[in-house]
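Down below are the structures I want you to see.
Two complexes, one shared chain (chain A), two partners (chain B, chain C).
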Partner chain A sequence: MGIISRGFRGRPRDEGVKLPPGQYLTHDFPVLSAGPTPRVRLDTWEFTIDTETGQTHRWTWRQLLDLPSETPTVDLHCVTKWSKLGTSWKGVSLDVLMEDVETTAEYALVYSYGGYTTNLPLQDLLDGQAWITYEYDGEELAPAHGGPARLLVPHLYLWKSAKWVRGIRLLNEDWPGFWETAGYHNYGDPWREQRYQGD
Partner chain B sequence: MTASIEDAYQDGNALAGPLREIFAVDMTAAEGRCASCGLTGPLASLRVYGPEPGWVARCPGCEEVLLRLVRGPQAAWLDLRGIVNLRISLPAEAEAAGA
Partner chain C sequence: MSAQRTAWRDARLVAARAETGAARTLVFKIPGWPGHLAGQHVDVRLTAEDGYSTQRSYSIASATDGDLVELTVQNVPDGEVSPYLVEVLEVGDEVEIRGPVGGWFVWRPSSERPVLLVGGGSGIVPLMAMIRARRQAAGRTPFRLVYSVREPGQRFYAGELRRHDPADAGLDVAYLYTRAVPDGWPRPAGRLTVADLNTHGWPADFEPDCYVCGPTGFVETAADILIALGHDPRRIRTERFGPTGG
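The block that comes next holds the complex of A and B.
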């Protein structure tokens, strides 16, 4: 019973857990900030995907909530070395949002309310690897953690999971984002400990 | 997580230590001009977020990013693109040369 219930709810697992190199386990949810927390009104909120050919796909808050949702339980790894296991989210898979988007772009630049940006290969957003989330742990996503909606791409360091997400630009060329232009690694794979440029 | 904690920032004096590691003088008194809104003031007057993942100093007038400083284990990255220039008070040249 103990073994089943520990895994079933995705609760933090302390014993024998394998973390990426250099990470330590935490049970709280630290908030790191590079600026004021944006307060985004839901009646004006929008999410857009802009393609390399200039096409724009746009969703209002209501339209996002009407899309089929998923409830991923994932481990988070922050480049500042904390990891949080078994976190529960609700959101829309990027596979759903990209369904009608025609593109041959290889790169994505994610941008946020408040001006934050981060870049990653488009393929890292697809095939069940990324979501636009709006609930955390059964409740609406708090502004401190990126609400009303944040990108969740848990196989990369958490700075790639842009808070307050506003849109994604699909690009033919890689365009480094906020931390990627300030010394952090361009890709950020925690299992290869890609923290800084040159790692 | 209250709003006051989320939005908590320090004043630019927090940059004294991190910048002393790079520059030979205390940079918090250096006067900088915001490339976005033109506001001029000492680095000590900036709104500073950090230290992790990196120091981010914003203009108290328009909130644009003026300075970013990331300290890795073996290097630091310093981005000053948000500042038009810095005026750094120095001793007179003859004085500095010990004449």
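The block that comes next holds the complex of A and C.
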């Protein structure tokens, strides 16, 4: 336990809620982005998966919406300390998108309109753990929150859930993304409090 | 990653001063502080007597100065941490601090590009660290600050920015007021507009590095305006804070 801050009591403890270490509960949906919000046109929007052998799988906006969708309800944990519980989304599972993709790659580099990137092991995108989402709370996803579509991979800190997602590159070697090269943890498990490099 | 874990350090409050009625600058002495870049932030951890602890992130306001680190904290009504830091914490008290953190929203004195700083409310804090780092390095890179606040009483660092320190030559400061203006002020109260950034910013041709910090709505507006004025989105760095309805 750290040093006691004299006179600090904190909020009443909510014993019913278990949060990852160092997180606090919020009911807002704060926005965090490193740059301007890109405005992405739906008529030219595309999502691609590139494999390590150079094969490309491509979906237009219409094609994405035509795929079977899921409506996950998940908890979000942002590295800036807030957690938001029970958020509802609609999108396509990465399992669906990866169905016809042949790969032995172990790593994924996710990239976005606007230039953002983030990396994670490919297995963290599979088995019902990740979606390309286009609705939040019953509404189309707002640009500030990553619309038209963002990756949702809620078991990792939220910076891994790339806003304005444009594609995924499958790689044999790990390729650190934007925040991962700017001092943040390479993997980012909130339950192990992997916020920064070395955590 | 083989990087070393950033340690929690004991931080003792050695001085404090009010910036406005609801914001306070806190000067912490942090033995072992490794130094920082302008624009970086720290995590502050408070622990109650029953062992409960909570953390928040705050931008650093000061340039590197040995083991002293200044934060300016805006009191957020109903907040859990900021009211304690602004109203309760006294000189001599201790908290824990971890950092510095963040390698993107930073300005390095070695950079020779012109700089445009656009701050809304307490979003001035990391921008002030950049101004102070420039002063400390006797930098000559031209800086422009566009600082939007509700009314004159809400300005942070007003005296320091008014003083025209010779080391601040080449720094232009423009205030924008959204609710109430001083007598005789030429610009009516109102939110940030294209005209404001066109007048007080740099032409896009100068390829300035732009740093925008403030509440989400402010940052979205400012960044959109800068893009509309022709600035390359890759040279617009943003830091957003505060709740949003969206």
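Simple rule for what comes next: the second predicted complex is superposed on the first by the 184 of 199 C-alpha atoms of A that agree within 3 Å, B and C clash if a C-alpha of one lies under 4 Å from a C-alpha of the other, contacts with A are read in each partner's own complex, and residues count from 1 in each chain.
The rule we apply is simple: a contact is a pair of C-beta atoms (placed from the backbone, for glycine too) under 8 Å apart; a residue touches a chain by one contact, two chains touch by 3 or more.
All figures in this text were calculated on a predicted structure; none of them were measured in a lab.
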| item | value |
| --- | --- |
| Partner chain in contact with A:Thr80 - chain B first, chain C second, else both or neither | both |
| Touched partner set for A:Ala142, first chain B, second chain C, both or neither | both |
| Touching partner for A:Gly22 - first (chain B), second (chain C), both, neither | second |
| Most chain A residues touched (candidates chain B, chain C) | C |
| Partner chain in contact with A:Gly35 - chain B first, chain C second, else both or neither | both |
| Touched partner set for A:Trp159, first chain B, second chain C, both or neither | first |
| First (chain B), second (chain C), both or neither touched by A:Glu102 | neither |
| Partner chain(s) touched by A:Asp66 [first = chain B, second = chain C, both, neither] | neither |
| Contacts of A:Gly183 with chain B and chain C, given as first, second, both or neither | both |
| On chain A, the residue positions that both chain B and chain C contact, one per complex | 31-37, 80, 115, 142, 144-145, 179, 181-183, 195-197 |
| In the complex, chain A residues that touch chain B | 31-37, 79-80, 115, 142-145, 159, 179, 181-184, 195-197 |
| Chain C residues touching chain A - in the complex, by the definition given at the top | 1-6, 8, 10, 43, 45-49, 51-57, 80, 84, 88-90, 93-96, 101-105, 216, 220, 223-224, 226-227, 233-234, 236-238, 240-246 |
| Sites on chain A touched by chain C in the complex | 1-11, 13, 22, 24, 26, 28-38, 80-81, 114-115, 142, 144-145, 178-179, 181-183, 185-186, 195-199 |
| Touch list for chain B against partner chain A, complex | 1, 3, 5-9, 49-50, 52-54, 56, 58, 63, 65, 68-70, 72-73, 75-77, 79 |
